[in-house]
Amino acid sequence: MSEFCLEISAANKSFPGVKALDKASFRLRKGSIHALLGENGAGKSTLIKIITGVHKQDSGKLFINGKEETLNNPNDATKFGISVVHQERNLIRRFSVGENLMLNNLPKTLLGLIDYDEIAIQSKKWLEIMDLDIDPSAVVSELTVAKMQLCEIAKALSLKAKILLLDEPTSSLSPKEAENLFSLLRKIVRDEGVSIVFVSHKLEEVFNICDEVTVLRDGQNACTSENINNLDRKKLVRLMIGRDEQIVKSTRKTDKIKDTVLALNKVKTELGHENINLELARSEIMGLYGLVGAGRTELVKCLIGLEKITEGDVLINGKKTAIDSPKSALEKFKIGYISEDRKKEGLILIHNVLDNTSITIWSQIKKAAGLVTDGMIANKVNPYIRKLEVRTPSNYQIISNLSGGNQQKISVAKWLAAGTDVLIIDEPTVGIDIKTKAYLHELIINLADNGTSIILISSDMPEMISLADRIVVMKDFKVNGIVENDRDYDVVSSKIMEFIHS
Amino acid sequence: MKYPMNKKLPNFIFTNQFGLLFLVLIFIIIFSTVTDGFTSRFNIFALSRVIAIDIMIGLAMMVVILTGGLNLALGAIGVCAAMFGGWCMEVLGIPIVPSLLLTLGMGSLLGWVNGIITVKTGVHSFIVTLATMSIYFGFMTMLTEAEAFRRLPDLFTDFGSAKLFNKYVSPLLLVSVATCFTLFYLFRFTDIGRKLIAAGANPEAAEVSGISVSRMFIYCHVLSGFLGALAAILLTTRIGAAIPSMAGQLGMDWLLPAFLAPVIGGTLLSGGKLSVFGTMLGAVLVTLLTNGLYLLDVGEFWIRFFLGIILLLAVLLDRARELLTLKNVIVS
Amino acid sequence: MKSLFSIVALAAVLLSGNAFAGSSDTKVALVPGGPHPYFAAWERAGQDAVKDFGLGKADYKVPAEWDLSQQNELIESLVGKGYNAVLVFPGDAVGTNKILGELDDAGIPTAALAGCVEQPTKAKMCFGTDTGHSAYLGTKQLIDAMGGKGKIAHFTGFLVDPNTTLRIKAVEKAVAEAGGGVEIIQVIADIDAYEPADEKINAFMAAQGSEVDGIVTTAWVPAVVAAQALTNMGDKRIKMVGIDHDEVVLTAIKAGFVHGTMLQNPYGQGYIGSYAMDKIRSGCTFKADAPWKSTAQTDQFIDSGTVFVDITDVDTYVDAMRGISLEILKTFEGDFLDC
Amino acid sequence: MNRTLAAIFKKDWFGLLIVVLVSGLAIAAVKPAFLSPFNLYVLMVSTSYMLIIALAQMIIIAIGQMNLSVGAIGGLVAISFSGLMEVHQISVPVAVLSGLVIGIACGFLNGYITVKSGISAFIITLATLYIFKGINLGITEAEPFYNIPENVKNFGNAKIGNTPIPFLLIIPIIITILMWVFINRTETGRHMLAYGNSVQSAELMGISSSKVVITAHIISGFLAAIAGMLVVCRLQLGTPNIGDSWLLPSFAAPVIGGAVLAGGKVDVIATALGVLIVAIISQALVIFKIDPFFVQIFLGVMILLAVFVNRYREYKQEVRRKIFSSE
């Protein structure tokens, strides 16, 4: 038996048009947490797909516990105890937690029928390992996202997983939940003899829990199984992007912020927000910070008219107004919302770059008889597409063929094109590689400097502190406190934490 | 129009319309060589008229499929509108043009009802229109007692048998083709058209992007009703009377052409992607095949069988084309 | 199938009876409304007509579906193929007129067969059964069988078919004439498909079976299902008059569960119809003073014979039919045609 | 105890059960004839095959697809079944068996093409609908088969002892129970629902799409076949028209039973009650001599009502889901 439970040597994989992997190698030491890093499009996801048997490498070997194996489909991978927890939630929402955990090998009675009591018993065991206090018969759709995540890991364990791949596991978790997750990961590595491949864009996390690091760049190894102690953030970033990272440090003067453009006054919503009071000034960046389920996204959704505001006033430029739909939010009040959920609410994946970027401006630019030609659109949006350096072969490229980073740029571009006064930006950099992330940060600051007021929702504390002028801390659908951001990380972050736990 | 459309011409080869055009030509060649009378003036004229109506029916369904829904009540709407129009002309003695406008209005109204119910309840339009189909048709039979309106103005009914271009083509076909171009303009070159498509493709995203999706969906149903009424008008001029059975029991005889044309034409059943000219070609293909099979003497009882087989081949072929073209897509 | 044999027999008789000479280029298409057993006899009738009257062709062509547009498409394609005379069971009593007119313009004679089109029409004649009249006669028979009094139920077909309305009216007429003794307690329509017919008719039997004394059915499917229902119930009290020659109905008559049925004459329709078309193409015209019958729909109607058959003559109905067919054929040219 | 009660209230079928009982009693109150043995018999007969037809559609709805060819399969089996017995004098059991085989084959064809081509089942079954019906007409040339063996006919009419319960109902009851077990208590069944809930998730969990889809379509074909043969037993003749009128009721019952067309949510008991409701309604229409013109409207309105009710029950749940699922 070798010391590596999983080993890939000199794997090549190309798709029509691109060489996704170029002699990439990867070694996972038994009982270790191994970070797999790289910019989007560096080949991470391809490597993962090979490990999980979704794709087959064109050439190169794959060893499991030192034995060479071939994985023809995900089931093979599962047989070898490899299982993956994806970025998207992959539970059956209408099924019970227990059934989800057991779905691949449902316990049966003598008659070969499903034994639900047994399901409860067995699944309970795995839930306990994850310190999850949920009734196995609870329906998944009623869990919080964080709990769903833990359930997925529990499910992986229930499959006797010895090799666990976590793809951006914390992308929708609050720091606290993330920390809780990490301690659990350490625990299962220790107690269950599991080895973990950890994919993330948040380097803090990598330094937090990983033992070894493999970095891919353009399909090749920038480093292989490097011990974490020999690395620091700077080195790691250079390995990933091939140059040093420019850290955005906002030097904005908050004093020039004056007149209020948007104000919430004792607002109560259908979704359960209580007594929300907020003021947003022109060219201010207001951060909304809070744990999952604190009601931040819900609040802005009520604000733009997707959900109902039941009591209280919304004042825009001092005038009392009722926003009944995103349509009026955009057309009457010039308020825009960049959703956290790119695929669902952000973009139309089956449509092309041009249509996605221009969706917000058709009514603006139409001529007589509603005439809107591609030409007219291109004139309007091309500047923004260029400004954001969207990498696409043509304006007619279908969005789903673009990389995550470029997709995110498009979902931002369409709101820049709309030229809104107030822009609500929800988790702008989740799952975005460092280069694009830095770029988007600069962009947000420029926007604000040029007079746009911005509401920024982010669970990424450093991001929040480097961008926001004021940070509103929410908890349980209420505003717990507001922190003036003097850009001193330690001070501000501890203030925020106080409000969260108060 | 395949939407979203790629400007580069070579890609036209990979579009659904090209495949259809190809098939249509192939079958025309086959039929005109192996059957007698396919190219006869009478046959071509007859074809042009059937095609005209099937195109219109196809378009009427297409605009609802765009929303990812279906309109089972299409036939019922058509018949109701036609009967209403016939009543206007025969009983009320309203002149032709206003009567036709009223007919179209009735169609749109019934479509609007479908839309409202679908949007307000959020129930899949399949079920909603399944119900309204029975309701509309029931009311129609009840009010008309299944009596046809046959004393329509000659000017109106003659239109259906008028012959153009050296007696080869029916004016009905011109109406349908004109409608195609209008719809093409709507969906390709107007803000409202683009919004309709966006709303159909991804309602959530469209809503967040400031499009009133429910309004768009209602528009689609209204448009469907309107086109359904238009198809019914064409059919009325063609059979010279407004009769309750013109679309069969519950108007369900329309459903097959209604689905075949858009589906073969490359309209996505999940919504957000349509092809006006594809639908047109789809209608042409299906009508061509029926006609050809009748001429081929395959034995009438087997015609359905062969239609089914060919339909299957057509969609499989189209699927193959898609997979082929997917290969030129960049992976990233 | 028994019915087929009987038709063969009938054909033979007709053959021996009349030998018509001469051959022509007439290509007749016999087009039913859709796939339906009623029309099966037309195929044989056409073939015989070709043999006996020396037609070029007389083919039985069935639309793929019971649907007016399908029928029109078929007819148009047939014309394209060179058929020059069309006998058609109108897919719709009104809607079919347009295409008949167009065929007429193209110099193709047409006639409505088995059912009529409403006037004004370009059809040379309507040769078949006066649907209204046969419903009327059937009801009369039923009322007699019931001894002139009692409660009647009427089962019929698609409401959207104008003939259905005619039938309902005809039944009402017959009942009205019977005076106060008879009343219609229920009309069940829209049961041209077997499953709903079975459900509705049996539901009726369950609810009203004890009250109702007679049943008249004026469409094929209801007749079959109702006959079946009575047979299953073993009920001989309720008198029933059916329509057409479906075996289920005939057997039920023999067994005494059904009082009788109104038979039509599909073979004669196809046979004589083809003959007439040929004559017309060879230059004959209908006399001005032809002994037309007139019906609710048309006044150019020739009765192809409607016979009421009950237990006494159910086995010999073929002969009865033959008799009528021969009658019509003998006198047809003399009475109707100018040649 | 309270929890189980609450659970029952939540069930889709509970409301329907109330509807059935109330409407049944109401009709009986006005027309006692409604509860007469013969009427109950008729009610159960029409329920019997409609039940199977509805289940044949339901299983496909469960995986988020539609099967437009249910009726065509039923019809094809019906005429093959009776044709084999009449024309080829094949013994009843063999005829039944071959009927089932044909049904399964048709279902397999639907499933296989759907999976392999990746085209929506709606289109595939639309095409096969034509193919199956075409074969049917091609064989029969629209002529029914009449000579059904006596024992088959008897089976279609017999009652159990002197109860009003028709023999015809036995098979549907058994099948309904089996279907309930299959959907709720077997791995394949659960996998189907999982697939209906989310194709992507199901595949990531290693559930094989082709297995699920093909199995579902095979079951659908199998059930359609049984329904077709039951109708033959009932009508005592094999007519090509069998199945023509199945499509709408096959959807109506599951939908009234709260099935979600997008897939992943079906309820066997609720579907069965849905069938019963439709049957009761159409009987009531006859019993109360409702003007035939009204019948269509009535059915339409009923489907709408059912839908509204289901929506209302889901509404509050959704608001809660909104709060949790986002962010």
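Residue numbering begins at 1 within each chain, and the chains themselves are lettered A, B, C and D in the order written.
One rule holds in what follows: contacts are C-beta pairs under 8 Å (C-beta built on N, C-alpha and C of every residue); 3 or more make two chains touch, one makes a residue touch a chain.
Values in this document were obtained by computation on a predicted structure and should not be read as measured data.
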item	value
If a chain touches chain A and chain C alike, it appears here	B, D
Distance-maximising chain from chain A - centres being C-alpha averages	C
Comparison of A-D and B-D (more C-beta pairs in contact)	B-D
Distance from the mean Cα position of chain D to that of chain B, given in whole angstrom	30
Rounded Å distance, chain A centre to chain B centre (Cα mean)	43
Euclidean distance of C-alpha centroids - chain B vs chain C, Å	35
Where chain B touches two or more other chains at once, by residue number	141, 145, 301, 303-304, 307
Multi-partner residues of chain D (each touching 2 or more other chains)	137, 141-142, 293, 295-296
Multi-chain contact residues (two or more partners), chain C	35, 62, 64, 159, 190
Interchain contacts (touch definition) - all pairs	A-B, A-D, B-C, B-D, C-D
Chain B to chain A touching residues, read off their complex	3-8, 189-195, 197-198, 201-202, 204-212, 268, 272-273, 327-332
In the complex, chain C residues that touch chain B	35, 61-70, 72-74, 76-82, 92-99, 101-102, 106, 118, 158-162, 164-165, 190, 192
Chain A residues touching chain D - in the complex, by the definition given at the top	74-75, 78, 84, 86, 88-95, 99, 103-104, 106, 108, 112-114, 141-145, 172, 270-272, 292-298, 301, 307, 340-341
Chain A - residues contacting chain B, complex	15-18, 20, 41, 304, 306, 325-327, 329-331, 336-337, 339, 344-352, 354-355, 359-360, 362-363, 365-366, 369-374, 393-394, 396-398, 401-403, 414, 418
Touching residues on chain D, where the partner in the complex is chain A	181, 184-187, 190-191, 193-194, 197-198, 200-207, 264-265, 319-327
